[in-house]
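Below you will find the structure I want to go over with you.
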Amino acid sequence: MMARARLATVWLDGCSGCHMSFLDLDEVLLDLAARVDLVYSPLVDAKTFPEDVDVTLVEGAVSSSEDLEKIQHIRRHTRRLIALGDCAVTGNVPSMRNMYPVSAVLARAYTDTAQIPGTPRDAVPALLPVVRPVHLVVPVDVVLPGCPPPAALIKEVLLAVLDGTTPNLKARFG
Amino acid sequence: MELEELNRIAADERAAQEQYRHRLLVCQAAGCLSAGSDKVRDALEDDIKKAGKHRLCLVKGVGCMGLCGSGPLVLLEPDNVLYQGVAAADAPEIVEHLDKQPVRHLRCPTDTPFFRRQVKIVLENSGRIDPERIEDYIAAGGYRALLKVLTELMPIGVINELTRSGLRGRGGAGYPTGLKLSTVAKAPGSPKYVVCNGDEGDPGAFMDRSVMEGDPHRILEGMAIAAYAVGAAHGYIYVRAEYPLAVERLNKAIRQAQKLGCLGPQILGTTFSFNVEVRLGAGAFVCGEETALIASIEGQRGQPRPRPPYPAMKGLWGCPTLINNVETFANIPAILRNGSEWFASIGTARSKGTKVFALSGKVKNIGLIEVPMGITLEEIIFGIGGGIPDGGRFKAVQTGGPSGGCIPEEHLDTRVDYESLRELGSIMGSGGMIVMDDESSMVEVARYFMEFCMTESCGKCVPCRVGTVQLYDLLTRFSQRSATRLDLERLESLCEMVRATSLCGLGQSAPNPVLSTLRYFRQEYLERMTDYDPRRAEEEAADGHDV
Amino acid sequence: MVTTFKINEMDVSAGEGETILDVARQHHIHVPTLCHLEGLTPVGACRLCLVEVKGSAALVPACVTRAAEGMEISTDSERLQRYRRMIVEMLFAEGNHICAVCVSNGHCELQALAGDLGMTHSRLGFLYRQKRIDASHYRFAIDHNRCVLCTRCVRVCDEIEGAHTWDVMGRGIQSQVITDLAQPWGSSSTCTNCGKCINACPTGALFKKSKAVGEMEKDTHFLGYIRTMREVK
Amino acid sequence: MTGQRGDTAPPTDDKRWRLVNATMRRYGYQPRALIETLNTVQESFGYLDETALRYVAACLRVPLSKTYGVATFYHFFSLKPQGRHSCVVCLGTACYIKGGANVLEALSEAFAVPPGHTTPDGALSLLTARCIGSCGLAPAGVIDNVVTPRLTAAAVIDQLRKAIHDGA
């Protein structure tokens, strides 16, 4: 019997919809559980990203200094990186702020429309000047667009990657 | 008007000029004008009057004399003494020396390669005749070719003569002129039109401007001959609004020609009628592309359309249209006057005649030159051009403007013709030739041209509209030394795609400056990458990846 | 004059005025298009329908090219697919196409092209330029973020409706479709409110105000109908 | 389509409209005369404003949007009034190689106006040209409509400051 693959899922700047779609795999999750160990994920308790991961699903765009550090760390410790969903693949909704300077975005959120104005400084990670899709920050092995990608596609891609083949997918944005 | 009358005008004009013992020809082309040659002319006239020599010395304004970087230029005839860098204050001295030795400190030697190695056809009158007087043009043999054509040749005879001459389009692509005329002549439909493309837009090119300003009648005569050959009765000269002097002189020339019967109804007493109108370009480089130019004459946004149909079949207002560039038309009278064999004897096997170049950049002799096809780049730059000034070292020569490429030192022995320049990844282009020394960064040059193409893209087709922006952004990364290997791959694949898929010549050739600098100066790109590894590059070079 | 030629090695013939694209579609050979819309004058601008002609280095746009006798055309080479993917990438990089929140999500020609051509992500840098949304018209709106400058709205308004309310201003990457003198659509003195531009638009750039995400379906059948009715007259 | 095309009254009694009308008349009020007419407006008024565009469009029967499309396609046309003084720096290849861009940058900084714009007080328009065909005199420019050879930043700044000061 083949060794169980070490699987991770991460959630950068996204809405968690891709993770919801992942959970929509339903009973396939049971088959999956037989083949992989979920070593890091918003769905499990692990607090730090492990050293040696076979496959990582990344949801969300790279928006903040924390996202940037995370994805670089993850890339270093992952054999196959899958950009999951439109935010990771194109920047999607998070990237809509790229048309404006960061200062304007913060002002809109924390001053103009806030009941108690005050821009957070140290408490939250700083926003990057532009939101970028994952593949423009670190090399990505497989991209899976969709908002969210349908569960069936996630299954197809994940199984192909676990089998060591290149998935031939008919996916679309949105 | 008949031959006798042309001869009479010519004889009268020559007699009128030759009654002066001295003739001072003052360059009134744009280059010298901006250096104050109009004031020089006024001062010379004043001082001649003051010295009481106005019956002995004629002052006349002429077109470009070529050595624009040393203006204002004044030529003393018949002694053939050239003065350079003349100021209004020099006038008394020049006048005083009319009957003595020439003024030494103003004298420009004319036995240099700059003058000796040139062969002048298109520019034969430039700097010799007053572009504002048709009589001067006629005295120099003007409108003889038109008269000969109208009285001795059938239209097919004209076409055959041009075909035999081997003349090819001087706008850059080098399409055989005779073949184009023949196509328009045979194309069904009427009326037919003749259009002269004077929308010289290459940055660093001023050949057509000099011809339009220095010898406008030559263009009109060439157009009229071509119109007779294809059966057109109406023509347009499309000129950049940035060239007001050219516009003024062309309009003046048209009026003079109409008055003498060289244009208009029943030209030179024959049944052939032809009229020319000047149309203003309004600042769009893409209008040098023939279908965009047609759209612009029609009053539309200057956007190209896919060819075929070619303008020869469906051009202006859907009618068969002959479009050629200024220099092409300017060659036609000389060919018909001197014969196709004479023209074909100049140049190389496939590129006949001469080519006018605007030589500029880091070269000693800056100006307008006309050279026989087949001359080497080295002869042009180091012979005629006098080499690199200020102890600089030659690095590359750029021909063809934003559609062309940079040619390095190892190819300086290349003979200038359409095919050999294309093989080197550049093009003949309309004639801009910019010399660069070792201070110039080739990445910056490529970026400069891409910025040009990006802002001049008409926006109609996707590859050019977006591709040039993407290419510019990538080149900026190289310029800022933040590029990666991935960017180099992107740059190359984008170049290939934009070239293959763009709608018109502007987009298709926009990658040329990048491709040619990548080909000859790849190292300059590699050094600007953050992940550049010299050892790996060496291995690749050994594998034949480099060039 | 009828010409016979080959598309992807299949023998075909074209009647007077029929383009390579017309003939390809008659034989159910798929050639992707974006700026083309049956019933409007073709412009050859999007370059998606470029095809290869055997023996010629130049690619030709199928939508405006008539095949010559004996031509051998191929519509789907690896090179063409690569170029087409890059064209779609360029369009995604140029605009701000957020399919997930677009009224045309699921009914958009650009989105479908990306899917069909396997354009799953863009290697090009997104330009993220600030573009306007004009919602001044009482029924319709335009979101320039989603405009691909195919000029189908311009042509349908000029050629079919006859109003010529739309045109393109500026040039190059600064090009933008405009109504009248680049004024708010709602203040246009020439717009007839006919809505043909809405239906001609391949993306969610032009839409009806009442539509939410994914609800804006376009219907271009009116073009064929109008053409037929005009021919009958 | 034929008919009386010159029946639209000029927007104002400004005499310059006569020049504009003369151009349109010369071309028989044909739509194809659009660019020539806009050229005349540009030369007579210095720029194309909405009034002029509407008037020309109506006289030549060109759709408004098309008129605007043409006016914004060509760089020679300006939709905003130009400054009292103007300085065009040539960025043709020869001028670029010889430092035209540096001159432009210095001017832009000295007069606090980005290229292609006019200073807020309307004193100076700083413009660029693709090539003015004076490559022999690079870097060249056009200062208040006079072609000026071999620009240096210091000299041009000096000349413009004087011109602005004397004129203001």
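Residue numbering begins at 1 within each chain, and the chains themselves are lettered A, B, C and D in the order written.
Here, a residue touches a chain if its C-beta (ideal position, glycine included) is under 8 Å from a C-beta of that chain, and two chains touch if they have at least 3 such contacts.
Keep in mind that this is a model prediction, so the values were computed, not measured.
Colleague: Name the chain whose C-alpha centroid is most distant from the C-alpha centroid of subunit C.
Modeller: Result for max centroid distance from subunit C is chain B.
Colleague: How many angstrom lie between the CA centroids of subunit A and subunit B, rounded to a whole number?
Modeller: A distance of 58 Å separates the two centres.
Colleague: Can you check how far apart subunit B and subunit D are, centre to centre, with Cα atoms defining each centre and the answer in Å?
Modeller: About 25 Å, centre to centre.
Colleague: Taking each chain's centre as the mean of its CA atoms, how far is subunit A from subunit D in angstrom?
Modeller: Each chain reduced to its C-alpha mean, subunit A and subunit D end up 52 Å apart.
Colleague: With centres defined as the mean C-alpha position, give me the subunit C-subunit D separation in Å.
Modeller: For subunit C versus subunit D, the centre distance works out to 35 Å.
Colleague: What positions in subunit C touch 2 or more of the other chains?
Modeller: In subunit C, residues 123, 125, 168, 170-171 touch at least two other chains, as defined above.
Colleague: What parts of subunit B, by residue number, touch at least two of the other chains?
Modeller: Each of 284, 301, 456, 458 in subunit B touches at least two other chains.
Colleague: Give the pairs of chains that touch; include all such pairs.
Modeller: The list of touching pairs comes to A-C, B-C, B-D, C-D.
Colleague: Report the residues of subunit D in contact with subunit C in the complex, numbered from low to high.
Modeller: 50, 53-54, 63-69, 72-73
Colleague: If you look only at subunit D, which of its residues touch subunit B in the complex?
Modeller: Result: residues 31-36, 38-39, 62, 66, 69-70, 73-77, 91-98, 129-138, 140, 146-149 of subunit D touch subunit B.
Colleague: Quick check: in the complex, which residue numbers of subunit C touch subunit B?
Modeller: The contact residues of subunit C facing subunit B are 43-47, 50, 59-61, 64-65, 79, 82-83, 86-87, 90-91, 93-94, 123-125, 127, 148-149, 168, 170-175.
Colleague: For the complex, give me every residue of subunit C touching subunit A.
Modeller: 92, 96-102, 105-106, 108, 111-112, 114-115, 118, 120-123, 125-126, 128-131
Colleague: In the complex formed with subunit D, which residues of subunit C make contact?
Modeller: Those residues of subunit C that touch subunit D are 158, 164-171, 178-182, 189-190.
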